[in-house]
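The structures considered in this document are given below.
Here subunit A shows up in two complexes: once beside subunit B, once beside subunit C.
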Partner chain A sequence: MALLTSIWRSAILRVARWLFALALLHAAAAQAAAPPPEYQLKAIFLFNFAQFVEWPPRATGGEQEPFVIGVLGDDPFGPYLDETVKGEKIGNHPMVVRRYRRAEEVGDCNVLFISRSESDRMGQIIAAFRGRSVLTVGDVDDFNRVGGIVRFVTEQGKIRLRIDVKAAQAAGLTISSKLLRSATLVTAEDK
Partner chain B sequence: MAFEDLPIRRKLMTIILGTSAVVLLIVCSTFLGYEFITFRQASVQQLSTLGEIIATNSTAALAFDVPDDARAVLTALAAERHIVAACLYDKQGRLFAHYPSDAAESAFPAAPGADGYHFEAAHLVGFAPVVQVKGQRLGTLYLRSDMVALYDRLRLYGGIAVLAIAAASLVAYTLSRKLQQQISRPILALAETAKAVSIHRDYSVRALKFGQDELGLLTTAFNDMLAQIEEQNLALRRAYDDLRQTQQAILEQERLRALGQMASGIAHDINNTISPASLYAESLLEREPNLSARARAYLTTIQRVINDVAHTVSRLREFYRKREPQLTLAPVNLNQLVEQVTELTRAHWADTAQQHGVEIKMRMELAAMLPAVMGVESEIRDALTNIIFNAVDAMPEGGTITVRTSLMTARDPEGKSVPDFHAAVEIADTGVGMDEETKRRCLEPFFTTKGERGTGLGLAMVYGAIQRHDAKMEIDSAPGGGTTMRLLFPLPATAVEMPVAASAGTLVATHLRLLVVDDDPELLKSLADTLGDEGHEVMTAGGGQAGIDAFLAAQNAGRPFAAVITDLGMPMVDGRRVATAVKSASPRTPVFMLTGWGQGMADEGQIPADVDRMLTKPPKLRELREALASV
Partner chain C sequence: MGFALFGERGWDANTAPMNPAACPRAPTNPNPRRPGRRRRIALIAACSGLLGLVPRAAGQTVVALPPPSDLKKLSVDELMDINVTSVSLHSEKLSEAASAIQVITADDIASSTATSIPEALRLASNLEVAQIDSRQWAISARGFNNLFADKMLVLIDGRSVYTPLYAGVYWDVQDTIMEDIDRIEVISGPGATQWGANAVNGVINISTKTAMETQGGLVVAGGGSELEDSEEVRYGGKLAPGVDYRVYAKYFDRGDSVLPNGSAAGDAWRMGQTGFRLDSDAAEGTWLTLQGDFYDGSVTRQGPEDIHMSGGNLLGRWTRTFDDNSDMVAQVYYDETYRKIPNSFTQSLNTYDFDFKYRLPIGKVNDFTWGLGYRLEDDDITNTPAEAFLPSQATEQTFNTFVQDEITLVDDRLHLTLGTKFEEYSFTGDEFEPSARAAWTPSGDQTVWAAVSRAVRVPSRIDLDLYEPATPPYRQAGGPGVVSEKLIAYELGYRKQLSSAVALSLATYYNDYSDLRGLEPLNPPAAFPVQVDSGLRGKSSGAELAADWRISRVWRLHGGWTEMRVGSSPEPGSTDRVANRSIALDPNHQVQLRSLLDLSAQWQFDTDLRYVGPIANQRVPGYTEMDQRLAWRPVPAWEFSLNGQNLLHDYHAEFNPPGSRREIGRSIFGKAAWRF
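Let's turn to the complex of A and B:
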C-alpha cells in the first residue's frame, strides 16, 4: 500500500513538474527570443559544479555568504539559469546568479561563465582571474587554450566537459574525481 | 494399538524419543528461523551498502549526463552474482542507465519508487537516492537481488538439522534403551511377580527390588503385602485345619459314645449271663473237696475261660468310659503291665500271624528295679496294646517285636539329652518303617496307612493318653528300617509303694440272713445257691419292688436281714431305689450293689449314696466273702 501510494505520489509529482516546466517555457518564449535548448542543460551543469568542486574556505566567504554563479558578457541562458538556481542552497550558502558586463565588475564569484560575446578578450579576462579561486567556464573553442578551466563541448548532440586540471589547481580548486571521470581532461598538447 | 495399551518399555521409548525429537525440532526451527531473519536483515544491510557505493559513484554521471559512465559503474555489480538487476533514474525519474546492459527496459520499473528496500516474491528490491551534496538529489538507484544465497543457506542448515536430528535420535534411542530399564525393570519385575501370584496362588514369591526410589518403595510395599497375605493364608489354613480336626474329633466322639452305649449294654448282658457259671465253678472248686481230678480240671478251665471272658468284656468298658479331666492316678508297675499286655495280645501277634504263614517273635528286655510310675493302668495298657497292634501290622512278612523297659533320659526337641530320668517303655519292630511324611502325620486323628482296616485313631488315642500322663513319646523310624516307639513316663518325686494284693484267704463269716435282689433268675438262683453253701440264710426277690417288700416284711416280722445284695439295673424299680428304701427303713443295714458297670462307677466316684460297696459282675465268692465279713 505504502509502495503503491509512493508510486502514485511520485507519478503525480512528475506530471505536475512537467506541466509547470511547460508553462514556464511558454512564458519565456512569450517574453523574449527563446535561447537554444542546449543552454538549459548547461545551466544545470553550472549549478551542478557547485557539488563537485571544492573552493578554498576564504573564497566562499563566511556563514550566510551567497554562493555566486556569475555570467560575464551576453547572457545566453534566458530564464534557465535563474530557474535552476532559484531557492537552491549549497550547504548554508544560498545560491545567487550575478551578471557582469566587464571583468572588472566581477567581485566575489565561485563559478563564472564567460559568454561567447567575450571571445575576443577571452585571454585577457581569464588572465585577470589568475590567482583567484574562480571556476571559469566557457563554450568557445579555444577556451582551454587561453587558460579556462572547464569548457562545454557538444559532441554528437551531447554536451561534454573538457577540464584543465592544472588550471583548476592553480586557481586553488579541487575537482571531484567523479567529475573528472565523466569529463575529458585537457593535456598540454591540446593547448 | 492405543498408546495406553502399549507395553511399558515401548511407552517409555516412545516418550523419550518423542520428547527428544520434539525438543530438537524446536531448537532447529528456532535456529533456522533466527538464521532466516538475520540473513534477511544482513541481506538488506549488504544491499543498502552496495547501493550506497553505486549511488555515490553515479553522482557525476547523472549530474553531467554521462550514461556510459553510469553504465560502467553499474557493470561493477557483475562481481556480486546475486544482484540480478540494477538501474539509475535521473532527477526527472527517467531511466538513465541499466544493468545488465542487454536487458530490455521493460524489465525495470518504469519510474522510481519510494526509497528503501523490501522483499518482493523471491527477491530483495529497493530504491536508493543518488546524492552528491546534501539536499541536492541527482537521481535514484534501483537494485534487485535474488534470495538464492538465503535459500542455499537455509537448505544447508536444513540438511544439517535433519542430520543432527537423525544422529541425536539414534543416540537417544541407544541411550533410552539402556536408561528406560531403570524404570521398566522394577515395574516388569512387579508385574511378573503379580502374574506368578495370581496364576499359581503362590504367595511366597517376592518381587526383586532394584533401588530405594518410589518404585523400590512400591516393591517393598508389594512384598510386605504378599508376606501379609501369605501369613494370613497360613493362619486361615491352620484355623481351618484346627476346625476340621475339632469337627472330626467331635464326630468321632459322638460315634464312640454311641458305640460305647452299645458296648456297655452288651457288657452288662454278658456279665449277667456268665455270673452263674462263675459262681458255681468257684463254689464247686472250693466246696467240693471230693471232686475227681477230671472234674476239677474241667471246672478250672471253665473258671479261667469265664475270667478271660470277663476280662475281654472289661476292655469293652474302655470304649464307653467317660474320660474325666481329673485322672485317678495310681502307682503302676510298668514291667508287670508290659507282661500283661504281651499276654493279652498274644492271640494277635502269635496266632493271627501264624494263620498267615509268618512268624512274629516277641522279645522282652525288662529292666530290673524299674521304679513305679503314677498313672492310669488301663490307659497305659491300651496305649501299649495299640502300639503292639501297629507293630504287627507293620510286619506282614514277620519279624521281631522287642519290648524293652529302662530308665533313660528324654531328648529335647534339638535331640540333646535332658538330665531328668524317665521310666521308658520301648516297643521296636523290624517292619516296613515310616517315611518322613507318615512319621510327621502318624499322630493325627484319622490318619491311617491301613486303608479300610484302620480307623486312624490308634496312635491318636495313644498320644492323648501320653499327654494326660505328662509323658513323652519318641518315634524313631525310617522306611524299611523298622519303627521304635518310646514312651517316657516321668518318675514321681518320691518312690511309691505298690499296694500289696489282698490275700485271698478263705474267710468263713458268721451265718447271716441275706436278701438278694436281681431281675435275672439264673443269677438270682446261683447267688442263692452259692451263698447258701457258704452257710448263709438267703432270701431272694426277682425285682426291685419285690425286694423292698420282702425287706420291709422281714423288718416288720422282727426278722430283719443282716445285709442286702441288689442288682443295679432292673426294670421299674432299680437298685438305687432298693438301696434308698433299705437305708430309710434301716440305716445300719449294709447294702451291696452288684453291677456290670460296677468297676467303672467305683473308679469314677459314682457310688450311689445309699450303697456301701459296689461289686462287679461276674461276682467272685472271694469278694462276696470279703464284703460280708465287714458286716
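Let's turn to the complex of A and C:
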C-alpha cells in the first residue's frame, strides 16, 4: 500500500513537472507569437493604407484577384498581420499576406513592407520597384531618402507617418487627403 | 463638436467606456505638452478596456494592445494616438475617467468653420458659448455664465489665462494658429482638486502641438464678411537632433457686430500676434519646452479713442521620466497683459508662476501624485473718475500644495481617486478643495462613475476693490468682507459603447453653492447704493448627453443635448435684489448635431447645427443656427474651403438684455491653406 502511494505520488509529481514545463513553453511561445505593440500597430496601419490609397485598375487585377500585402525580409509581424487582414476585402479583392525573402520573389503586390533586415540594400530594393504600383512602406531611418513612399517613425511612443507624395505619384498611386492630413509630407531631398 | 466624446472624426475615449487604469496618457495639469498631450485616443483605445497594462516583473509595465478587430475600427489619427511604449508620461488619469470630459481634437477644429478659440469651443456640447459682440464671449459650463464667467478655469499650454482682476477670461486676446492646436479638453464639473481655485464649474485646457509636429511651412489666408481678412504664417524646423522649433505670426481684421435695429455696432477690431515654441527630447527621459507669444490689437469704439490691448508670455517646462515609471514636471512662466479702456480704466498685470508635480506609482494599487505651486500676480490699474479699483495697485501671492492617490480597488473594474488641494491666498486666507471620484467598469463596454467634490472661487479685485464712481458717495462699493464662493458638487455619469459604431456618454450633476457674490443695498429699501458681499446661495442641476455615430468610413454624426436648471436666492439676512436676478443667465436647453462627411478623397462637407434655448432673465430668445464648410484638397499641399457661420439668420441675439445687446451677423468667408 505504502509502495503504491509512493508510486502514485511520484507520478503526480512527474506529471506536474511536465505540465509546468509545458506551461512555460506555452508562455514563451505566446510571447514569441505576439509582436511588440509597435508592430501590432504597424500591422493595423498596413491594413489601413489599403483603404486610403487608390491603385490604378491594372495593379489590382481582375475580380477575385487577391489584394496583396507583402512583407520583404525578416517578418516582424508574425501571425498578427494575417489575423488583421483575415476575411477583409478591398472591393472584390480578398486581402492576403505574402512573405518574400528576396525582392525578385515579389510578384503582384499592392502594399510592400520592407523589413529592417534589408537595411543594407534598401535603395536597390526600392529602385527595383520603380514604375510599379507598389506602396513601399518601411521604418528604417533613411527610408524616404532612398525613395520609399511611407515611413513609420516612432515619436514619443506614438507612430507617425512620413509620406513622399511625389514618389507615390510616380508609382501611379493616389493617397487620400485624409491620410495625408495626418502625416508629415516629405520629399526625397529632405533628409 | 468634437465632443470629448468623440475623437476626431472618430470615436473618442470618453464615450467609449474607459478602463482608466490602462490608459496611457500624460499628466494633465500643469504641463499639457506633447508628452503630456494625452490625445483622445490613447485613451480611447486605451481606455475602452481595449488597452490593458500587463504587469511584468519588477514593476515594469508593458502595453498590451487590443485585438486587431478592435484596432481596425479606429481612424488613422486615433491609431496615431496610441502609445506603444510604457512611458508613464502617457498614463491616463483615473480622475478623468470619473469626470465629464469632452475633447475637441485638432481634426475637429480642422473640419469646423472655427477661426478662433471661442468659436472652436462651440464644438463642446457641455459648454454654454454665447457671443456678446464682435469680440466678447460668455463661456461657461453648468451655469452662471457671463461676460466674465468667473467659475471656469482656462489654461493654454499650462498657463492660466483667468484674470484675477475681473475673475474671468479676456477671450479677445487668447489666440494662436488654429492649425497648431493639438486638443482642447473641456471638463464640465469641478476640477479644483487638481487644477486649483476657480475650477468650480469646469476647466478648459488648451494644448498646442509640439514643435516636432509642426515642421515645415504653413500659410493660411482668408477673408469674407465678418472675418474681413486673416493671415497666418508658421514655419517649423530643426535646430539640432531632437531639438525642434516653430515660429508663427498672424493677423486678422474682424467686422462689426449688429445692433438690434440692424445697423452696424461700430466695434470692429484687429489683432496681430507672433510667437514661438521650442521642444527638445534630445536627452533620454527628458522633455524640454520653451515657448512664448506676443500680441497687440485694438477695438474701434463709438467714442474718442480705441480700446487697446497687448501682452506677452514666456513659459519653460521640464519633464523627466524615471525608470521606475515615475515622472516629474517643473514649469515656470511669466505673463504680461495690458489693456486700456478709455474713460474706464487701464490695467497692467504681471504674473509669475512656478509649478512642480511628481507622480509615483506604488505597486499595482496606488498611483500617487503630489505637487506644489507658487504664483505672484502684480496688478496695476490707472483709474478714471467713472470707476476705480482701490487701491489701484495690488499684489497677490498664492501658494498651493496638492496630493492625489489613484487607487485600483479591483483590477480593470473599480477605481477610486482621492485627493485634495490646499491653497494659501494672500487676499483671503486658506482654501481646502478635496474630492472623491470612483469609476466602475462592470463590463468592457460600459463605465459608471460618481464624484463628490468641493471647489471654491476666490474673490477677485472686481469683488474686493471696485468702486463706482471713483470718489464717495459711491453708488457701488467694493466688498472688503467678501469671502470665497463655495461649491459642493455631486456628479453621476455613465458611458456605454452600444455597438462598434455608436457610443454614448451621459453626465448628471447637482451643485450646491454658498457665499455667491451679491450686491447688498446699504440703505434698504433703497436699491442703491450697494456693496459687494457674499450674500447669495445657488443651486443647479442638469444632464449632459453626447453621442457619436460612425455611420460609415466617410460619414460620422455627433450629437449633444444639455439640460440645465440654475437658480439663486439670498442667504438669510441678505436683502440683495439686484445680483440675485442676474447672476444666473443661462439657457435651460442646448442641442447640437454635427455631420462630418467625406464626399471623396478630395472633398469634405461638414455641417454644425445648434439650438440654444431662451435665456429668460435677459429676454434672449431661443435660436437655431447652422455653420457649414465645404473643403477641397486637390493636392496634398493645398486646401481651399468655403465657410459659412450662423447661416440661418441675417443676425441673431445670443446674450445680454435688449438695451445693451449686440447681435451676431451671418459670416461667410473663404480660406486657402498651403503647406510646404
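Quick note on the criterion: the second predicted complex is superposed on the first by the 155 of 191 C-alpha atoms of A that agree within 3 Å, B and C clash if a C-alpha of one lies under 4 Å from a C-alpha of the other, contacts with A are read in each partner's own complex, and residues count from 1 in each chain.
Keep in mind that, in the parts below, contacts are C-beta pairs under 8 Å (C-beta built on N, C-alpha and C of every residue); 3 or more make two chains touch, one makes a residue touch a chain.
Everything numeric in this text was worked out from a predicted model, so none of it was measured.
Asker: Of the two partner chains, subunit B (first) and subunit C (second), which one does A:157 touch, if any: first, second, both, or neither?
Answerer: Once the two structures are laid over each other on A, A:157 reaches subunit C alone.
Asker: Between subunit B and subunit C, whom does A:122 touch in the aligned arrangement: first, second, both, or neither?
Answerer: A:122: touches no partner chain.
Asker: Between subunit B and subunit C, pick out the one touching the greater number of residues of subunit A.
Answerer: Of the two chains, more subunit A residues are contacted by C.
Asker: One more residue to check, A:41. First (subunit B), second (subunit C), both or neither?
Answerer: A:41: touches subunit B and subunit C.
Asker: Quick check for you: in the superposed arrangement, does A:80 touch first (subunit B), second (subunit C), both or neither?
Answerer: second
Asker: A:90 contacts which: subunit B (first), subunit C (second), both, neither?
Answerer: After superposing on A, A:90 lies in contact with subunit B but is clear of subunit C.
Asker: Quick one: classify A:165 as touching subunit B (first), subunit C (second), both or neither.
Answerer: Second partner only, subunit C.
Asker: Who does A:182 touch here: subunit B (first), subunit C (second), both, or neither?
Answerer: The answer is both, since A:182 touches subunit B and subunit C.
Asker: Once chain A of both complexes is superposed, is A:50 in touch with subunit B (first), subunit C (second), both, or neither?
Answerer: Only subunit B is touched by A:50; subunit C is not.
Asker: Using the superposition on A, tell me which residues of subunit A are in contact with subunit B and, in the other complex, with subunit C.
Answerer: 41, 45, 48, 51-52, 158-159, 161, 176, 178-179, 181-182
Asker: Which positions of subunit C touch subunit A when the two form their complex?
Answerer: 24, 34-35, 42, 62-65, 67-68, 71-72, 74, 76-77, 79-85, 87, 90, 107, 110, 212, 215-216, 281, 553, 598, 601-602, 633, 635-637, 639, 675
Asker: Give every residue of subunit B touching subunit A within the complex, in rising order.
Answerer: 57, 59-61, 63-66, 69, 92-93, 111-114, 118, 132-136, 138
Asker: Which residues of subunit A touch subunit C in their complex?
Answerer: 36-38, 40-41, 43-45, 47-48, 51-52, 54, 80, 83-84, 154-161, 165, 174-182, 184-185
Asker: Can you name the residues of subunit A that touch subunit B in the complex?
Answerer: Contacts found on subunit A: 2-3, 6-7, 10-11, 14, 17, 41, 45, 48, 50-52, 88-91, 158-159, 161, 176, 178-179, 181-183.
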